[in-house]
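In the two complexes that follow, chain A is the common piece, with chain B as its partner first and chain C second.
The block that comes next holds the complex of A and B.
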């Protein structure tokens, strides 16, 4: 189970307004459990187009995307209930405004479950639970989502997707625009959701520090092609980052500068400031 | 005469709590100031007040010696440009050329002069080969540069970057920061609104907002020596200083690394 891309391409008809980047012959697999994946790449590399294939929001022009046993191809298949696929894979948009539309937070969160025929009482219980999961208390239930701060809106939009209890959660730039504290809180939240429920989480991000600290696998898109699939460790040690228009995490940049300038041989591949400090202490003792 | 002079400014949306309180801030021509603060600290509101998108509840704002009032706003806005977070939200034209022209059209710049200026400023931001391109096909960094060209064409003296790099990929972001440095070198006053500490290191002066008030306002090198103030304002330290804080001040070898890290953050 999970998601399997087989030679997936997505193109536009000529003269079509370009809302999505084209992608070329993409093949990879995401398991239904326990993965924490970062999807990275320059602006316009096709990350969002790829992500929207993961829950059949758009259909491939060529190839197929197998989502929990159902093959999604160019032609719509009447036997597949696409909405049911979307229950397995929840997609959280970059801008919560695209997703939130009800007048209260509670209505927004129960909208999905009600759509899938969950009884109202039960949906309300779910709303309370998922709101707590994203770190908001019940006083938020009756608030208008549009009066919330950016970070709060993001959490509500995530709660709305969690309410459908998807196996795989795909989040398009969940931390962009958040301050450092907000980023940390949200990433810790994903980590704990994953730890407690074993859901697979896929985040699209430009933040190499978060990629290095939190995720266990990185997919790199470059000009519509999938050019790297491996651990963050391997990415930062071996991949041509400049060619991919990516950069090193700050820890590595700083340690590299120290080595160059002071002629030390600190192991630069450290994920956190604390680990970097230890590595420096060890290196200077040698 | 100061380029920006903000005196006793407060702001709130009708009947709500104060978003900004007692803001006093003077910026001289050619300064590069980073305005830092957590989400909701009021930093973007401050930017909107400066460009006249919002009006203070009390207090005054003067740009280049002229008080912002409903009568002067139209003229004064020409002196100050703003680049927003989402590059997609600032495009109106069907080509890069149209987009650079848009601001000038509003100012009724004669056609001949406008064409020259489009060429001139497109070259300046390195976009002259892409004038006929549709903005939606550009990279994030290119879009931000087009936005900057449009603003420069109005001959602004002040540029505000309101979290302008936060949606860019690492390469576009480095490109934009390098470009802002060249604007700074040319004497344009730069106000950079951000919560990214690595980015703030490029500025000469840091202004920290916390819960709507100015919490710190000092030269970069002075303020970075008070790391606790950043933590109190719910901001991170730059990575080099986070690492530095864990190294010994007495051990000779660690001290050498400490000293280098200090140099590293000061030199940007």
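The block that comes next holds the complex of A and C.
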């Protein structure tokens, strides 16, 4: 189960309005449980196009995407209810403005469950639960989503997808537009959601620090091709980052600079800023 | 986003592309007046021939113009039949007695159901439509089972056929002319041309530059808003909104889930645009210069003379005829 990409290519129609990168012959697999995956790549490398294949929002031009046992190909299959596939794989878009529309947070969160014919009482219970999952208390239920702050809107939009109880949660740049502290809080939240529910989480991001610190697997896209699939350790220790148009995490960069300037030999591969400070202190003591 | 052009504009390099949009606008209006002054089919056919010559000279593919005519096909067809059936002048050519009775009503309904079923396959739609019309006609004409409810006579007159051909050719010429203009002029150039032409209207309080700005901003934002609408649809589809299924109540709910974010984003964008324009010192009503100033060259002069000759010719024909 999970999602399996088989030689998937997608080309936007010639006179299409959007200017997105096509993707070429992509094959990989995402299991339905317990993975924390980062999908990274330079702007316009085809990440979002790839993400939209994961819940059958767009159909591959070539190849097939197998989503929980259903094969999605170029041709629409009348037997598959694509809408039901989207219940298994929840996709949260970058801007919450694209999905919030109701007058209260509660109504907005239950929109998804009601679409899947969940009874109203049950949907309301789910709304309360998912709101807690994203770290907001029940006082938010009756507030107007348009009066919330950017970070709160983002959380409500994530709750709207979590309410569907998807097995795999895909988030398109969830940390964009947040300050470093806000990013950390949100990533901790994803980590705890993953820990509690054992869902697979896929995040699209540009922030290498978060990738290194939180995720267990990295997919790197470059010019429409999947060029790397492995652990973040392997990516930052061995992969040709400049070729992928990526950069090192800030902690590694700083430690590297310190080593060069002072001729020290601190282990530069520290995941968090705290660990990096600890390593520097130790070096100073010696 | 720079490659997006809304409208029918197709990049090319014929002489029509190099004309000033003002010339083209005025030329189209004058030519339309000239066409309306013509009174016989022969004159119209000659005019139509001239339009085709213009297409060839301007290196515009006739296929493309024909494609532009496609949406108006129904209108042309309607005009044609309307003239044939209801123009009762001239000598009578055909007279048929049609009747409505239980027999052909039943068969007619059956035929209609059959036609709709076949049309679902999506092929030969036009041919099927004609077959259906012919079938209904045959039923009304030849199936006569008592009791007859009503009978009516179908009359076709000489003048009717003449007028139908006349009107259809005239429509064809007019539509082709405006298609040629939109095919060869960028929407932005067209609005700029309109702005310049409407400038004298300032005297009676119409601000042509505001009007032109409104049009060019709308044109600029159509692709952006479309892009946004696609994203909103995808976002709501991810929450199980199915825009093709469900009852009326659910559909309304789903359309609202699309419209509310659309409006909010559109308002936000317009505010941002207003701020951006103001911070670049845009003051409504103040005079602005342009990057591309329109210029009236010798080509435009020649075109104007030719167009005026056309008008003079049709006025002369009208006076003599």
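Everything that follows uses one rule, which is that the second predicted complex is superposed on the first by the 276 of 286 C-alpha atoms of A that agree within 3 Å, B and C clash if a C-alpha of one lies under 4 Å from a C-alpha of the other, contacts with A are read in each partner's own complex, and residues count from 1 in each chain.
Criterion: a contact is a pair of C-beta atoms (placed from the backbone, for glycine too) under 8 Å apart; a residue touches a chain by one contact, two chains touch by 3 or more.
Remember, it's a predicted structure, so these values are computed and weren't measured experimentally.
Trainee: Is A:111 touching the first partner chain B, the second partner chain C, both, or neither of them?
Mentor: second
Trainee: Considering only the touch criterion stated at the top, classify A:120 as touching first (chain B), second (chain C), both, or neither.
Mentor: A:120 sits against neither chain B nor chain C.
Trainee: Kindly classify A:247 by the partners it touches after superposition: chain B alone (first), chain C alone (second), both, or neither?
Mentor: A:247 sits against chain B, while chain C stays out of touch.
Trainee: Output check: A:146 vs chain B and chain C. Expected answer is one of first, second, both, neither. What do you get?
Mentor: Only chain C is touched by A:146; chain B is not.
Trainee: If you stack the two complexes on chain A, which partner ends up touching A:160: first (chain B), second (chain C), both, or neither?
Mentor: second
Trainee: With both structures superposed, pick whichever of chain B and chain C touches the larger number of chain A residues.
Mentor: Result: the larger residue contact count on chain A belongs to B.
Trainee: Quick one: classify A:1 as touching chain B (first), chain C (second), both or neither.
Mentor: After superposing on A, A:1 lies clear of both chain B and chain C.
Trainee: Counting only touches as set out at the top, which of chain B and chain C does A:132 meet: first, second, both, neither?
Mentor: neither
Trainee: Under the contact definition given at the top, report the residues of chain A touching chain B in one complex and chain C in the other.
Mentor: Comparing the two interfaces on chain A, one with chain B and one with chain C, the shared residues are 17-18.
Trainee: Name, in rising order, each residue of chain C that touches chain A in their complex.
Mentor: 1, 4, 223, 226-228, 230-232, 234-242, 245, 256-257, 259-261, 264-265, 268
Trainee: For the complex, give me every residue of chain A touching chain B.
Mentor: 17-18, 41-45, 149-151, 173, 176-182, 206, 208-209, 242, 245-247, 250-251, 253-254, 257-258, 261-262, 264, 273-274, 276-277, 280-281, 284-285
Trainee: Could you list, by residue number, the parts of chain B that touch chain A in their complex?
Mentor: 37-40, 85, 136-141, 163, 166-174, 195, 197-198, 234-236, 238-240, 242-243, 246-247, 251, 253-254, 256-257, 260-261, 264
Trainee: Once bound in the complex, which stretches of chain A touch chain C?
Mentor: Contacts found on chain A: 17-19, 52, 55, 57, 83, 86-87, 90-93, 97-102, 111-112, 115-116, 146, 160-161, 164.
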